[in-house]
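Following are the structures in question.
Two complexes come next, and they have one chain in common, subunit A, joined by subunit B in the first and subunit C in the second.
Let's turn to the complex of A and B:
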């Protein structure tokens, strides 16, 4: 199997086991319903899981209208963040199955934006797509020009996790490509040019520089830790800072733009430290007041930072052409 | 390691990490969760099915609802129209009720009328019934009366028949007696003639009186207006009957010349008079086709003899029986009447009209003088012609018998007066006068009672008197100016009376 196809397959097939508990305040039946076990697609969103979960709990619900929201350890989960990203972000040590609590009442409007179920998720997806198109192409004409049925089909393929359908629909989207010699069929094939990166077929016309849409989630922990198990539980979203900043993909001669370069461009304050390989963390000792990037997770895996960014982008991006990066740092909370 | 190699290594590493993740996450938990969620899914699908079913039901319900609402619209519209029609019907009902009440009133009124009518009808029916019963009663009574009447009539007829039988018997007896008497009478007469002695026998004989030759006029009586056609003296008296154009027959006393009586009841012109021997009945021949018979004493008409179809111009009554009347009329008949029976017993027809008629003394022979100038003799009983004699060349106007019955005087329009012998029918004498002209077909002449003289009137108003034996005029009486129609000599010899066309009657003595 080709490397990029394999990677995309894994990305699309990725699913997190969730154990959904009904919040005890909403248990209206005796005995209390058992938790629901669902597999949540990584690239999907929490509101899409409601039809699967609701049957488990509907008999137990108190009377009233439903306004569904999830929380993890008391923290209401933002629904517009893909499920995989939430998992990577909030669970330092992957908790499998991930225990979430579902609420049907008492929507925390001060914390979460309203959600109307699948439709909200769909619009969120399309908007993100437009944003990505704008970043990549300079305009979102390609999304706008897409017919409504095609948009529906695109969203349906995302909802259903149908990579084939998505791949068929991609040409209609006419999103600009990110030239990546590393994503060709032969994993060891030599790159055409050492220049790497750089789009030559930019739709918008920018030849030399590519802009990659990136959403960066930074969780800062105050205390250093040795093992991931020791990472304290998250309390509030205040611990997490969110950056929606494109990465300028510079084509440099003789140099390959790595992930490290990307992160450094995004988080210059942490660029002094060079986190090593994924998985094991190295206690490097805090140097100054500068934070230390302890963990970089994309699509649930920790990557070697030497990995070419273009490969990362082309293989690990979400269906809406955004690359979601979760970072755990030690440093002062912002 | 070159950067490239590092890169490749990193990529491989990444892939490995992805695989591992897969194993840890979906690889490990997927099957279990799917196994667990199958019931849920199936439940979910159940729910889906239920939902679908419910949706279908709901759709059907909607359809049904729409149908029902359509129906409802229709029904509402229909109900509106029904209401409208109902209102109309109500109005109609009101009108009909009014009509009905009116009709009821009319009906009661009519009923009342009907009752009244029925009542009246009942009343009428009862009345009718009563009237009918009355009618029945009346009819019964009438029937009874009829039957009684019939019975009575039958009885009466029976009585009458019995009377008639008795009468017949009596008549038969009487006739027998009369016959006997006649026989006796004839014997006596014969004796008288021979003897010349007047004997007074039974009734029916006459006095013999010598008659004087009249010369002076006694009375001049205006008897009738328009002419006096017939005069006659009562037997053996001076009473004179006169009959004229119109009015009654008058009875005069020639002594005084005054009217004794008037006999009323006659119609038409009196053409001839005859009186019964007992002076009780006077018969007049009238131009009204009838003969009138008076009872002289009472002056009332006893019989009106009808049967002639033309004017009756001559009449005579039998001296013997006073019962047989013979009349001649211009219907060319001579009728024989029975005064007792009151009707015609015999009728004789002939060709020539009879102007004058006279019965013989015995009453068995009729002498008739005719227009053809012949004198005929008839048998009274058989009505057969016995003989005829040509007496005159023109019409005979008068036939009168002498008192002794032997001579008969006939006067004709040829102004000749012949005297015949009744037995031989030979002319005994012919009397003429130069100035004597008979005035009419019924100018009557007469013989004096002593059978000696003949008096006849003339058209110039003179009366001539002849003597039979001498055959010449012995007297000429001039007094009247108009033509003399009739002369009559009283049975006692005088006076002689003459009547003229102006109705004057003169008496001569």
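Let's turn to the complex of A and C:
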């Protein structure tokens, strides 16, 4: 099995055990129902789990129409973020099973965009796929040119965690190749020549610059900590910065573009030497401690920053071709 | 190739170009649109990301007096007129209050999309008590030409998405192929086929996009 295939299998098989509690204000039966235990695919989305969860609670619900949402310790969960990413980001110390609360009423529409179950999840997936295609290829023609039924099948393969079906459909997607200097074998998507989109091709036809779809989630805590279990609980999404910005990398001969390089290109204030400095004097005499990157997680793995970025992308990206990176930093202290 | 030529390329614009274009747009708007509030360049220092600024153009609290259903509006005005003629002792305060209750407020943000390398328009509507307006209500405030454009064409559509910086649901106007029609605009406006000057990028963009949400761009701005 090619290294790339092995990694994809690892990513697709990743799952988070969830323990889902019905919110106490919605318990209309006595005794209250026990929590539902569900294994959630990392690459999946919370709304897709509802058909598995609802049977546990349907007899306990008060009358009325459902508008389903989840929270973790009171923080409403953004349903369009893959479940694995939510877990890596919100649980500094991984909690197993992960205790979530489900609500069937009172959708917080002032903070969460509406969700109509599977349709919303599918729309979000296809949109992300188009955006990723635009970043990689310079246009989203490859997605637009896919037949409706192929698009449906692609989504279904993701929804069902069916890697074989997904792999069979990939050649129809014709997504551009993200060159990986470390796996000699061809990656599963068929390479195509790219035009525009900020990609340069040198005389030998080798791609020199590339744009990579990345979604970076940065959680900042104010105090340094020894152990992850000392990291305080999250209160609101305002503690998290979300960056939906492509990483541009220039392949220089002899130099390896690492994961650290990629993250620093998005978070220049956290780069290298400056991050180690503490207690720098500001012009007005006040002291400011530079921030520090404490933890980088992708697909639940805490990665060493020296790993070549192209390897990370090719092996750990999600099915919509986005690489989701969760970062925990110590913020500035005054 | 000069630096300005790299900033706008193929109808797309870089982040640096967007900052320049945004300030130029806000300046021109202020000069040529005196009766209208001005756009401000908002830069939020993001505490999580240290000194990183999230920047966008903002035009807020634009009041649109909500229109009653199409022809019904005229009808009700006629009725009111008749009523005025008949009744001497009209309670004017009641009439004014009704108008205020119907006032809809709109915020518009022009945000740069790093993925697509073009600007995006985000907007939201709310009533005087701060309650957000649904898309159906908002559509009634849009010029009727826009509504048919939105419903019939595949070129522009409005989606509800999370604001890139504010953690709240906003509406996004997503014109398909922005870079293509910007290219067309720049080709048709210059005789020697030069790239659009960066200072005019947002002005040109908004002259098209703004119309969808009923915001006119004075022609003087396009010079």
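Methods note: the second predicted complex is superposed on the first by the 289 of 334 C-alpha atoms of A that agree within 3 Å, B and C clash if a C-alpha of one lies under 4 Å from a C-alpha of the other, contacts with A are read in each partner's own complex, and residues count from 1 in each chain.
Simple rule for what comes next: a residue touches a chain if its C-beta (ideal position, glycine included) is under 8 Å from a C-beta of that chain, and two chains touch if they have at least 3 such contacts.
All values derive from a computational prediction rather than experimental measurement.
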Joint occupancy of subunit A by subunit B and subunit C, clash or fit: fit
Subunit B versus subunit C as contact partner of A:78, first or second or both or neither: second
Touching partner for A:39 - first (subunit B), second (subunit C), both, neither: first
Which superposed partner A:245 touches (first subunit B, second subunit C, both, neither): second
Contacts of A:97 with subunit B and subunit C, given as first, second, both or neither: first
Which of subunit B and subunit C A:328 touches, first, second, both or neither: neither
First (subunit B), second (subunit C), both or neither touched by A:154: neither
Partner chain in contact with A:49 - subunit B first, subunit C second, else both or neither: neither
Winner by number of subunit A residues touched, once subunit B and subunit C are compared: B
Which of subunit B and subunit C A:17 touches, first, second, both or neither: first
Closest Cα approach, subunit C to subunit B, once both complexes are overlaid on chain A (Å): 27
Complex contacts: residues of subunit A adjacent to subunit B: 3, 6-7, 10-11, 13-17, 36-39, 51-52, 55-56, 94, 96-97, 182, 187-188, 191, 255-256, 258-259, 277-279, 299-308, 311-312, 316
Residues of subunit A that touch subunit C when the two form their complex: 78, 109-114, 131, 134-135, 196, 198, 213, 218-220, 237-246, 267-270, 290-291, 329, 331-332
List of subunit B residues in touch with subunit A within their complex: 3-4, 6-15, 17-22, 24-26, 28-30, 32-34, 36-37, 40, 43-44, 47
Contacting residues of subunit C [partner subunit A, same complex]: 10, 46-52, 114-117, 132, 160-162, 164, 167-169
